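Same chain, two partners: chain A is paired with chain B first, then with chain C.
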Partner chain A sequence: MSETSKDQYYVPHLAKWPIVGTVGMTVTFVGATLAMNSQTSTTPWVMYAGIAIILTMFFGWFSEVIKESEDNLYNKQVDGSFRMGMIWFIFSEVMFFAAFFGALFYARTLSIPWLGGEGTGLATNEVLWNGFEGVWPSNGPGELNGRFEIIDPYHLPLVNTLLLIASSVTITIAHHALRAGNRSQTIFWLIATVILGAVFIFFQAEEYVLAYQEFNLKLSSGIYGSTFFMLTGFHGVHVTLGAIMISIITIRVIKGHFKPESHFGFEAVAWYWHFVDVVWLGLFIFVYIL
Partner chain B sequence: MSHDITHNEIGHDHHDHKPKGFVKRWLMTTNHKDIGTLYLVFALAMFILGGAMAMVIRLELFQPGLQFIEPHFFNQMTTMHALVMIFGAVMPAFVGLANWMIPLMIGAPDMALPRMNNWSFWILPFAFTMLLATFFMDGGAPAGGWTMYPPLVLQGGHNVGFLVFAVHMMGISSIMGAINVIATIMNMRAPNVGYLNMPLFVWTWLITAFLLIAVMPVLAGAVTMVLTDRYFATSFFNAAGGGDPVLFQHLFWFFGHPEVYIMILPAFGIVSEIIPTFARKPLFGYVSMVYATAAIAFLSFIVWAHHMFSVGMPLGGELYFMYATMMIAVPTGVKIFNWVATMWKGSMTFETPMLWSLAFVVLFSIGGFSGVMMALAPVDLQYHDTYFIVAHFHYVLVTGAVYGIIAGVYYWLPKWSGHMYSERLGKIHFWWSTISVNVLFFPQHFLGLAGMPRRIPDYSTQFAEFNMMSSIGGFAFGLAQVFFVYIVWKTVRGGEKATDQVWDDAKGLEWTVPSPAPYHTFEEFGPVDLDKMAHGKIH
Partner chain C sequence: MFYMIKGKGQSSNTVRFLTVRVALSVVLFLFILLAAKMGWIEPNQPVFLKP
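So, the complex of A and B:
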C-alpha cells in the first residue's frame, strides 16, 4: 500500500457516532409519542433527552470529520463524495417542502372550490355545506377556530424577504473573501449573515405572536392555518439550523480552518443557506402574496 | 506530518484484519461487505416475520367465517405484514445487495460515505422495534392498512405516533442509503469504467436511488400531516376545515407508485446479470435496457392516480392517468423482449439462479398484464379493492421482487461465503416455491373477479374453494422459505469450495476477486481490466 494518504480514498474505521445518533433518534421519537399520547400536558423530558443525544452525536461526528479534514486525510475524490452527499440531501429537502406546497396548491385549486360547489362538488355543497363559498383564504366550511385575519405580506414578510436575500448576498461575499484568502473580511460577512438570519427568525416569531394574539390565525384555523404554519414553521426550523451551521463555520474560520482552494464545509453550508432562501421566496409568493 | 495516529491505523488495519468483537465488527462497522451482510440478515429476519403474519392471514381465510382471530387483529396483520415486507424485507434486501455488489462491480474500495452507510443500516432495527412494539400496547398495532389512509388511520389510538415516526426513520434510512449509492456510482468507479460500461445492476440501482430520494421525503411530508391532524388539530385531511382525505391519497401514491418501481428495478438489474451468464451470451440490447429503465422511472412519477380511479376524480384525470399508466407497459415490454432475446440461441443451462430468473420473467409478466388490465379506468372500478389487486401486486412483488432477490442470493452467495450451495437443495427450493406460489396467488385473480373484497377477515361461502386452495399454497410457500433459510445457513457454514470465477462464463469484476471476497477489495484506485466486464468494450 502507498504511504501517502492522498493516493487512497480515505475509508474511516469503526464509526461510533451513527449508533449514538440512532439511539438519540429513537429516544426522541418515543419521547414525543409518549408526550402526545399522554392525557395530561407534561414536559416531554424523554424527547429532550433524545434531542440532546442527537446534538451530541452531530457535534462528535462533525468534530471527527473536521479533524480528519484538517489532518489532510481527504483527497479530491473524498471531497467529491461529500459534495454529492450534500447536493442530494438538499434535493431530498426540496421534495419534503414540495409535499407541503402540494397540499397548499391542492387545497387552493381543488378542495376548497369543490367544497364550494364547483364542478362535481355541487351536490356536496348543496347537501353538506350549504352556503359555503369556496374562496381563499379559508378555514373550511366548518369555519374551524372561527374568523381570522391573514398576515399582510407587505409588512413583516417583505422585510423578511429583503433580510434573507441580503443574507444570501453576504454569504456570497464571505465566500469570495475566503477564496481571496482574506480571513477578516470572511469573518465579518459571515457574522453579518448570522445576524441577518437571527433577525429574520426574530421577526418570524413576532409574526407568529401577532397571528395568534391579534389575528386569531392558529394552527387549528382550518386548511389555511395548517398550510401557513406548517410551511413557514418548517422553513423557520431550517433557517435556525442554517444559522447554527453558519455560526459553526464562522468559528472554524476564526480558528484558521479552510483553505482558499478547498473549503467544502463552507460551501455546503452556503448551498444550504441559498436553498433555505429559495424556499422562502416560494413561501413569500404562494403563501403570503397570492 | 500526515503520519498521525489515524493514518497509521489505516496502514495496519489493512487486508483481512477484521475488527474484533461483536460491537466493533458489527455495531461500529464501516465496511461495505459487513454492512451488506447486516442488511441481508435483517431483511431475511423480517421476511420470516412478515411471512409469519401472512400465515396468520391465510389461516383465518382458510374457511369462511371467523375461526381463529378477531377482525381487529386481522387488520393489524394485513397492515403490519405489508409494512414489514416492503420496508423491512424487500427494500433492505436490495440495499444489502447494493452494498455488497456495487463496489465490487465498479472497482471501488468501499461505499462513498462509509460512516453514513452504518447509520442507514442501524436505524432500521430500531425503527422496526418501535413499530412492532405497538403490538403490545393498548389498542394494538396500526390496523388501517399499509397505505395509512386518513380518516381511518387517525383512529389508530396510541399507535399513530409510533407508526408515523417509524415511517420517518425508515425514510431517513432509505434516503441516506440512496445518497450513498449515488455518490458511490458517480464518484467511485474505477477510472476507466464509464457509465455505459456499468453492469445493469449498478444502472438500475442508480436510477432506483434517484427515485428514493425524490419520493421518500414526500411520504415523510404526508405522514407528518397525518401526525399533525391527529395530535395538533390541523385540517389537511379534514373536509370541515377545507382539507380533503383524498389529498393524502395523492401524496401517498406520488410516493407509492415510484415505490413499487423502487422494489422492482434492482430486481430487473439482478436478472439482467444472471440471464446472460447462463445463456452464455451478452445481454441483448444493453443500451436500450438502460433507456427503458430510465423511461420507467420517469413514467412512474406521472401515473400515481391509477390507484385512485374509484375515489371520484374529474373525468379528464381518469383518462390521463389511464393512458399514462398504459404507457409503462412499453419500456417494460422492451425489457422482457431483451431478456428473451438474450436467451435466443444461447447455450443455456439451468442452475438455480437461472431458474429463479426465468420464473421471474414469466411470472412478473403475469403481474404486469394484470396491471395493464387494472390500468383501464372503467374496468378498474370492478377490480379495485378486490383480491384481483392482491393477486396483481403479489405477482409483481413476490414472484418479481422477491424472486429477483432470491436469484441474486443464489448467484452471489458463493462469492460472499466461499462455498457452493447445494444445487439439489436449491432446485428443490425453486420448484417447491414456484408451484406453491402459483397455487397461492393464481386463484386470487378469480376471487377478485368474482368480487371478493381485500382486507376483510370473512367472506361469502361462494369463495370457499379458491380460498382454501390459496391458503394451502400459502402454507407450502411459507414452509419453502424456512427451507431457504436452512440452505443459506448450511452454505455459509460449509460446503464445496467455490472458485473465484464461480460460474463458467460470468462476466463482471466481482468474479475477478477471490471467493470469499476478502474484507477489503480494490483498495488501490486504478484502471480495471475492461475485458472482464460484460459491457466493458461495447463501443
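So, the complex of A and C:
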C-alpha cells in the first residue's frame, strides 16, 4: 500500500523500475558481449535493445519521481535520501575522474621518467628503450603512430574555459532567481546555460576533428593521446549529460515545478554542472597548459 | 557537499557556497591569463617538434 502521510517516509506501492533497469543492463551487456565476439552484423541490435530498455527505465522512473514530488508525497526524510543519493553519485564521479587524472600524473611523473632511465630505470632505458627521452608530451617508445602536434591551449580550449565558467555564472544567477521566486528570470538563465553548454560541445567536437585531421593526434598516439582523449572525451560526455539534465529542469520550471524554498531537483543538477566545470578547470591546466 | 547535506531544502548556504565557488573559478582563470602573459607558465610543446 502506498504511504501518503507526510509524517512517514513515502514508499511506492509497486516499484517496477529497478527490475526493468536490471533487465535492461543484462540485455545490454549480453548484447555487447555478442557484438564483440560475433562476426554477424545483426548482433549489435541486442545491445541497442538493452540500451532502449535502460532509457525507458530512466524516463519512466524519473517521470514517476517528478509526479510523486509534485503530488507532495515527499517529506524531509525523503529529501535527505535524495541529497545522500546525489552526494554519493557526485563522489563516484570525482573518483572516476581521479582515476584518469591519476593515470596522467603517474605517467608524467613516474613511468615516463623511468622509461627514460631515471631512478632505477637505467637498465630499462639502455636495454629495452634505448634512445627514449623521458619528456612530456611523449609519443611513446618507438614513436607510436608517428609525430603529432598538440592543441594550443590559448585558442579553442581558452574559449571553452570561458564558455563553461560563463555557464556556471548563468546557472548560479538562475539559482538566485529561483530562490527569489522569479520564474521568467530562472528560465532565461537556464536556457542561456544550456546554449553555453551546447556551444562548448560543438567546439570540443571541432577540436577533435582538428586533432585527428590536422595534428595527427589520436587516441592511439601513445600515452599522451590516450590520456588526452580519455579525459577530455569523458568530460565532454558529462557536459552533454549535464546539458540534457538542465534542459529537463528548464522544462520543469516552465511547467511551474519547484518552489523558492524547495527545489532539490534543480539544486542537484546545479551541483552536477558546477562539478563538471571544476573538472574542466583541472583539464585546462593539467592537460592543455602544463 | 556539506551545505548540500545540511541545506535540507533551504538552500541559502548552498547557493552562497556555489557563488563563492564560481567567483574563485573566475579568479583562477584570470590568474592563468596573467601567468601566461607574464611568462610564468609556458604551454607544453612536444620535444620532437621544437626547433
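Just so we're on the same page, the second predicted complex is superposed on the first by the 279 of 290 C-alpha atoms of A that agree within 3 Å, B and C clash if a C-alpha of one lies under 4 Å from a C-alpha of the other, contacts with A are read in each partner's own complex, and residues count from 1 in each chain.
Assume a contact is a pair of C-beta atoms (placed from the backbone, for glycine too) under 8 Å apart; a residue touches a chain by one contact, two chains touch by 3 or more.
Computed from a predicted structure; not experimentally measured.
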Original post:
Now for A:98: first (chain B), second (chain C), both, or neither, which partner does it touch?
Top reply: first
**OP:** In the overlay, answer first, second, both or neither for which of chain B and chain C A:30 touches.
**Re:** first
Original post:
Which partner does A:63 reach: the first (chain B), the second (chain C), both, or neither?
Top reply: neither
Original post:
Is A:107 in contact with chain B, with chain C, with both, or with neither (first, second, both, neither)?
Top reply: first
**OP:** Could you say whether A:12 touches chain B, chain C, both of them, or neither, answering first, second, both or neither?
**Re:** first
Subject >> Contacts of A:130 with chain B and chain C, given as first, second, both or neither >> reply: neither
Original post:
Should A:38 be classified as contacting the first partner (chain B), the second (chain C), both, or neither?
Top reply: neither
**OP:** Quick one: name whichever of chain B and chain C touches more residues of chain A.
**Re:** B
Original post:
Of the partners chain B and chain C, which touch A:119 in the superposed model: first, second, both, neither?
Top reply: first
Original post:
Now for A:184: first (chain B), second (chain C), both, or neither, which partner does it touch?
Top reply: neither
Subject >> Common interface residues of chain A - those touching chain B in one complex and chain C in the other >> reply: 80, 84, 91, 139
**OP:** Over in the complex, which chain C residues touch chain A? Could you list them?
**Re:** 1, 4-5, 7-12, 14-15, 18-19, 21-22, 25-26, 28-29, 32, 36, 41, 43-49
Original post:
Where on chain B is chain A touching in the complex?
Top reply: 1-2, 4, 6-7, 9-11, 13-14, 19, 24, 27-30, 108-110, 112-116, 118-119, 122-123, 126-127, 129-130, 158, 161-162, 165-166, 168-169, 172, 175, 178-180, 182-184, 186-188, 213-218, 220-222, 224-225, 228, 231-236, 238-244, 246-247, 250-251, 254, 312, 314, 523-525
Subject >> chain A residues within the chain C interface of the complex >> reply: 76, 79-80, 83-84, 86-87, 90-91, 133, 135-137, 139, 143, 147-150, 152-154, 161-162, 165, 168-169, 172, 175-176, 179, 261-264, 267, 270-271, 274, 277-278, 281, 284-285, 288-290
**OP:** Flag every residue of chain A that touches chain B in the complex, lowest number first.
**Re:** 1-5, 7-19, 21-23, 25-26, 29-30, 32-33, 36-37, 61, 68, 71-73, 77, 80-82, 84-85, 88-89, 91-100, 102-103, 106-107, 110-112, 114-115, 119-120, 138-142, 144, 219-220, 222-227, 229-230
